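Shared between the two complexes below is chain A, which pairs with chain B and chain C, respectively.
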Partner chain A sequence: MLTFDNVSFAYGQQAVLKNISLQIMEGEFLTIIGPNGSGKSTLSKLMNGLIQPYLGQILVDRLDTQSPQNLKEIRQIVGLIFQNPEDQFISTTVFDEVIFGLENIAVEPDKMQSIAEDALKKVGMLSYKDVEPHKLSGGQKQRVAIAAILAMKPKYIVFDESTAMLDPNGQKSIMTLMQHLHDEGFTIIHITHLMEEALKATRVLVLNGGVIVAEGAPVDVFHNSRVIENNELDVPLPLKLKGRLSEAGIVVPKQLVTLEGIVDYIWTSN
Partner chain B sequence: MIENVLVGQFVETSSVFHRLDPRSKLISIFCIVIAFFLIDNAAGYLLAGLFVFGCITLSHIPWRIFLKGLKPILFILSFTIVYHILFTKGENLLFHYGILSIYIEGIISGSRLVVRIILLVLITSLLTLTTKPLELAYGFEVLCKPLKKLRFPVEQFSLMLAITLRFIPTIVMELDKIIEAQKARGVNFEDKSLMKKVLSYIPIIVPLLFTSINRAENLANAIDARAYGDGSGRTRYKTLRFETRDYIAMSISLFMVGTFLILKMLGG
Partner chain C sequence: MDIKLENVSYKYPSLSNDSWESIRELNCMFETGKWLSVIGQTGSGKSTLMKLLKGLIAPTAGRLLINGQENKLSKKGNAQIIQEVGLVFQYPEHQLFETTVLKDLAFGPKNQGVKKEEINDRTKVIIELVGLSEAYFDKAPFELSGGEKRRVAIATVLMMNPEVLILDEPTAGLDPQGSKLILQLVHDWQKAGGGQRTVIFVTHQMNEVAEYSDEVLVMNDGEIVFQENPIALFREHDHELKAFGLDIPDSVKLLKLFEHRFGKRIEVHSLQEEVVLEEVVAYFTKQGDDLL
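Showing the complex of A and B:
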């Protein structure tokens, strides 16, 4: 369990997060949304000890992120995927990139190859093993970044707007992979500003001005028009469609949130 | 533009030099450079020339690649020889006109120096042509391990080197993009006057610096997030091991130092 207990954070004089209390359970798929500057990215950096809260406490499986001797273990348990695919690629080839993390957590050298190859196979990048980063697309680089994290056997994977710089195909492929990893039992924490992506979560958290303003199942959060308006959020397309349909007298069940689901419902119901 | 950038100069062939451990190559080249500095007579130059010729032939790398490596130093070479011809005084006057007097000694000492520089450049390019930059960096790191006791950050230094190599293509692509963008905004790069030429590069350098600093910050976060820590307590995937051929290479290099030392003593 990942726990934020009354956490505040500031850059200089400017408060970014105020009294955040939050619990993330194992096996969850949590999406964090909110306008620019709401403190989303800061939240993700706090999760694996890249930055420290100035008030409050963050526990990762009971390990306090504020004690330096915990950091190596915390960073192995909580994997972080950043926004810019280019700037998180440290090594000169795909294979070396996965090896880098393994070397850091002192894995035995003769076990590294099989671990790295398994991780690359999982994200479908094994055939690119010896390729240099400048020959890969953004989506491919993000897959390698995910493989590099998977190889370190984390429990929690935090995606900090990891689809923001990708083309639609890349976005779709990373989202599918995320879903896949969640099905496999990883805890996914996804920070995004794309509302369609937020529908995939088991729980949505809306952050604005450094405080949590709403929380709940995606359908509930997006059906709350007050939350949507107050936080300048966009209603995801499937929900917009449902709204217009109900105006026309067609009521689609609440739990259907994908376009495919709605289409199926319409042509099978009478 | 990206095609013109060679990261290192590595040329893939299947020679014995490619199979040598980077550490033994570094040690050998170091010895041979010292040996070449000891040369001071014709027999020495002949022997050194034959040695370099033999090594290059064994490397299976075409001669023209080695000669290409000499191109950038052509200016220094011609300057050296002209300087020696004009300013070295000796006993055997060859030519005299006004204040200009050329001695045979000048020509000899100039050409000696030039030959020595050429031999040094050829033998050191053998190292960079047969070793991948990363291997070289790793060999360097392992050789420098003892410096850790003096608190020299050997691992961080090696990571820095690797990151530099990794980001050369990225930065070059970025540079291309910025140049295109500035051209589209009407910046003129074709101006002939030197001052204007220099000034026209400011709109390129400033954004490039800006993005690079941003990049560096993101990269530092990425390295930190992947549990690099302070670089200590890591294991390494690649391990270096000396083979028989490495001992042979290092012995030959030491033997060269000895030979040239003896030649020098005999000559002197």
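Showing the complex of A and C:
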């Protein structure tokens, strides 16, 4: 479990997060949304001790992120994927990129090969292992960055707007991969501006002005029009359609959140 | 200002022999007053095309015609910046560098030799147009929010009074309302030009393409594969688009699902979400009884 207990953070005089209390359970798929400057990225960097709170406490499986001796373990347990994969690459081949992290945590050399290959296989990039990272597409680069994290055997993977710079194909491939990883038991924490991506989560958290202003199942959060309007958000089209239909007297079951599901429901219920 | 490309190719200079053509034999027309959206996978040649249209690079083959005239190239065949074309790069707020918003706004026209009074007049109009106010003039760019910075950065380009405005992924990284504001302000700027202002809009977000485009230009592997109106393109060519790694807007997905399930095609005059929602819901309710 990842726990934030009354956490505050500021850059200089500017408070970015105010008294955040939050628990993220193992196996969750948590999506964090909110306007630019709401503190989402700061929250993600606090999760693996990249930055430290000035008030409060963050525990990663009971390890305090403020104890320097815990950081190595915490960064292995909580993997962070950023917006621009190019900022993260340092090696000359895809394979070396994945190996690099393993060397840092002193994995036995004879085990490295198989760990790295397994990780690349999981993200569908094994056949690219000898390719130079700069020759890959954006989505492929992001998948290599994910493989490098997977090789460290994390429990929690934080995606900080990891689809924002990708073309539609890249976006889709990363979303699909995120869901596979969640199905395999990884805890996923996903920060995004794309509302339709947020629908895939088990829980959505809305951050604004450094505080949590709403949280719950995606359907519930998006059905709350006040939350949407007050936080610079938008309602995904399937939920807009449901809203319009219900105004017209056609009620679609709550759990249906895809266009396919809604249109099929109307088709079959008549 | 009409911009026409005739068999335009561009090959990036390279020291090795493996120099490659970024774009190949493009033939297309950017017509005055239209909103053209340009889509294509990363690496399909979109950015190269934008640089050509601004005159930052010159075609290595073919001709670029402005109002029927070939773009004057200097004697060495170097590129010549086209003043009438304004280019908003990706993450343009990284290029704000003055100490105040007002100085950033004035920088471009000042360099073009525009008179002080004229610059003053323009700043007042443009700051309102981007949804801010004169109260922002004395603020330092770093004091602004991400969305505000982006709008100021776009304003600095509008200050130079372009006839053609190119925007390269102008909403990347912005929250949904921030993105909507950008699209709206570009739309307002275009409308205020009385049909003389052209918008060339590069994006990966198909839902944004659905909002305002008159035409969509699809690039794949350095070539233009479609130039069509959005309704025809997304409704008729979704399979081809998929093959190019592209998607269709959510509003078109809804129309297609409806068509597939109910065997009825709904004609729409726009792909805007609001328009499509209204049409579809009307079918489910008013005409729904005969339909079901």
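Everything below uses one rule, namely that the second predicted complex is superposed on the first by the 270 of 270 C-alpha atoms of A that agree within 3 Å, B and C clash if a C-alpha of one lies under 4 Å from a C-alpha of the other, contacts with A are read in each partner's own complex, and residues count from 1 in each chain.
To be clear about the criterion, a residue touches a chain if its C-beta (ideal position, glycine included) is under 8 Å from a C-beta of that chain, and two chains touch if they have at least 3 such contacts.
These numbers come from a predicted model, not from an experiment.
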> For A:183, is the partner it touches chain B (first), chain C (second), both, or none of the two (neither)?
Replying inline: neither
> Which partner does A:165 contact after superposing on A: first (chain B), second (chain C), both, neither?
Replying inline: second
> Between chain B (first) and chain C (second), which does A:233 come into contact with in this model arrangement: first, second, both, or neither?
Replying inline: second
>> Let me test your reading of the model: by the given contact rule, A:260 touches which partner, first (chain B), second (chain C), both or neither?
In response: second
> Along chain C, where are the residues that touch chain A in the complex?
Replying inline: 40-43, 145-147, 172-180, 204, 206, 245-247, 250-251, 253-254, 257-258, 261-262, 273, 277-278, 280-281, 284-285, 292
> For the complex, which residues does chain A have touching chain C?
Replying inline: 34-37, 83, 137-138, 161, 164-172, 193, 195-196, 232-234, 236-237, 240-241, 244-245, 248-250, 259-260, 263-264, 266-267, 270
> So in the complex, which bits of chain A are touching chain B?
Replying inline: 45, 48, 50, 71-72, 75-76, 79-80, 82, 84, 86-92, 99-109, 112-113, 132-134, 148-149, 152
> Quick one: in the complex, what on chain B touches chain A?
Replying inline: 2, 134, 162-163, 165-166, 169-170, 173, 214-215, 218-219, 221-229, 233-237, 239
